[in-house]
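In the two complexes that follow, chain A is the common piece, with chain B as its partner first and chain C second.
Coming up: the complex of A and B.
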């Protein structure tokens, strides 16, 4: 496999992203506003609960989790469903299908540039800021390496789920509703909206078996030291890897099946 | 020599969901699914030799794009065999993609916000074009069209003409064996069209690229194609060289006549003549301002006979005899479905 063939797409994505500077800044601003809202929301929740620790998490723990979860989900989310759906509607998808790279891989590397630039431009600064403000609550040790592995797996699982949903657009020819539904489910069950430990125990058990928490919750817990010990970490990563294989299998199976019934619009 | 593209008895059916009208119909559609089967391509066989430029024509909705999509591997034929350079396109999309180039007018494969040269470099890596081939191709391009000023212009800032030109260059960049051009000159001005004609002809001559071209623009056909294939309602109705197309209809001529006299007299005369002519000439007789235009088949009624007859009615001030244009030939084929 010639890697250059693929990485050139990543590079193009980064350059394209940098081209739209305004959108980069507006994104940052949007995040800040969201975090201010989250801060007061959780403050109110803690004040009204009457205790300083809910389900083993202090206000500070929760804030660290929420801030990082949002930052993480933001750099992973590349609006793939939109991209595929729009290309189906406009018919541009033909041009993507007839590239000498398999379509699922082609789209992955097309969007990877945005993930990389979001990671560098938004996520890393957020981690550093959180670390400084909390006086070293995020330690920089060996687990950072595991975090990176886990994070890549999270990105891949998220991509597979998105790709699967994007393929559904071939049948529905509409995007909006499907995309909203996907966003709600993923952000709720992956731990982006509220820390997963806040769910009732029985529900938590079910959620922790699903692929969604492997997107955000697992890498995040490794990063903030919630998952401790090499063994525990490796189990989590193995769990992610399993879900990566399953989601990849289903998304490429579904795609290969769907492309046979495809009717490309127009012209 | 073996054909590079070979279509044998190809059929393509689409299953379309039947939609009912009105609110009641829409609610009905929520619960039931009925399908209409549409035969987009009906038993088509075409053999194309390497290095040919074939014009693939037909009215809107005739099934041209569907055929192209089967040849590019996007669609799978319902039945029949599609072979492009010994490959079944839809079964080997990735390998096939390496050998073909595609331009769909109005859509671009270029990177929207990047300068053109960046898109070319990306394509160079995706198609794994060697440095030498790439340099060669760029030099070749620069010798045909004035492309250098566009290198550093982002694609989204280009005019439609510049973008189409760039897209065509991009499609030929990896030196593919076959290039499919689907209405490449749609919406372009005359000078850009002729630039694009020169470019396609040059690449075809130099690299022996086979070109399949669909278009509604007869100037494309006249400038590029030596052979045309016409389909209508999914069926092939014509497949021959462009020379025999004209021979086929060469017997048709248009005679234009202007009578002596002032406008009022002419108006009256024209009206009378048209009425009389229509009795014994089945083809079209029309009035175009001062002129009467008569389309006749020389086999039935020679132009001379008609002129002689007209002279007996009134003296003629001016006249023209025109051979039929490619455009009107094709129009005739569309209208009559001649075999």
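Coming up: the complex of A and C.
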């Protein structure tokens, strides 16, 4: 595989992202405001509860988790379902399919530019700020390397799920409904809405087997040191890798099957 | 008055057209309804999980919190159903299609907004009404002629605030090209409508009262029913404030539209 032709797409994505600077700033400002609101919301929740530790999480633990989970999901989410769905409706997709590049790979590298620039511009500063505010609760050691591997796997799993759902749009012509269902399920079951530890135990057991928590929850727990020890970390990463293979298999199988029945109007 | 009748007639005509065209995409409609139900279920589940671990929030118990939540869903519905076309504004301005709205002998804002009626928003209304009723019974609030009048004043006022907030956010599309972020960001605030305003610190509290006034969408009007002996004074003037705020948002929207120059296509 000649990687260079793909990396051109990544670069184009970064350049495009930097072009709309106003959007970038507004997005950043919005994120900061949400973090402040989340802070006071959880503070109030903990104050009302009367105890300082709930299900093993102190207020500070919860805050670190919530802030990083939101930041992480934000940098991964690139509205791929929208993109594919709209391209199907307008017929533009046919131009992408006939390119001498596999369409799933083409879309991946096209959106990767946005992921990379979001990661650098939003996620890294957030991690540094959290680390400074909490006086080094996030340690910078060997596990950062594992975190990066785990995070890349998370991005890939998220991409596969998105691509699978995007392919569904070939059949339904409904983008909004499909997209919102996916968003709701992923953000609830990946731990972005509320930390997964707060779920009832029986529910938590089921959720921890699903691929959604491999998107955010696993890399995050490695980063904040919740998953300790090389062995435990490697087990989690193996789990992610397994889900990566499964989701990739299903999304490419579904795509190859669907492409044969595609009907596109115009283009 | 004659003008009002004229506009009503036009509105109904456009509405019928829109529903007809929606019905030709029946699949899309059903999937969207399921999507709305999913969203509300997820909101309710996360609400339930938080309350399983924490029995009260800022002095409000579970049923009172449910009341705020239900009230907010009902109050948001008119914005969701009637003003949904604001979401397409970014695309229309970017591609230049917005020009088609400028050539009608009608009020531009009226014509633009009336084009879309979002039926799926009604799913949210059902959720809201059920929650409101459920908490109403458990709180033993009582129901008589006065409460009906209060509801008839408080709900539309709350809706006006919500509509005005989104109108203002949508108007930014005229000034910042290809930026949906303002609308998306402001819309995300509506997730916090369901939490009582008194739990925040002063800065956020006032931010939600006077900058992005979501406190008026659920917290303040709900106080009329939850704490009838301790209603914040500002609640009594909120109907006027709501109308004023809506008018301002309308003027801002129209001002933005008047600056619209087209793309030349």
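Simple rule for what comes next: the second predicted complex is superposed on the first by the 266 of 267 C-alpha atoms of A that agree within 3 Å, B and C clash if a C-alpha of one lies under 4 Å from a C-alpha of the other, contacts with A are read in each partner's own complex, and residues count from 1 in each chain.
Note that a contact is a pair of C-beta atoms (placed from the backbone, for glycine too) under 8 Å apart; a residue touches a chain by one contact, two chains touch by 3 or more.
For clarity, every value in this text was computed on a predicted model and none was experimentally measured.
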Partner chain(s) touched by A:15 [first = chain B, second = chain C, both, neither]: first
Partner chain(s) touched by A:102 [first = chain B, second = chain C, both, neither]: first
First, second, both or neither for A:3, with chain B first and chain C second: neither
More chain A residues in contact [chain B versus chain C]: C
Touched partner set for A:36, first chain B, second chain C, both or neither: second
Contacts of A:180 with chain B and chain C, given as first, second, both or neither: second
Touching both chain B and chain C, residues of chain A: 20
Touch list for chain C against partner chain A, complex: 25, 27-28, 31-36, 38-39, 41-42, 45-46, 49-50, 52-59, 120, 176, 178-179, 181-182, 184-185, 188, 192, 195, 199-201, 204
List of chain A residues in touch with chain B within their complex: 2, 4-5, 8-9, 12, 15-16, 19-20, 90-92, 94-95, 97-102, 260, 262-264, 267
Contacting residues of chain B [partner chain A, same complex]: 14, 65, 69, 72-76, 93-98, 100, 102, 104-109, 111-114, 118, 121-122, 125-128, 154, 182-183
Contacting residues of chain A [partner chain C, same complex]: 20, 22-23, 26-27, 29-30, 33-34, 36-37, 40-41, 44-49, 54-55, 172-174, 176-181, 184-185, 187-188, 193-194, 198-200
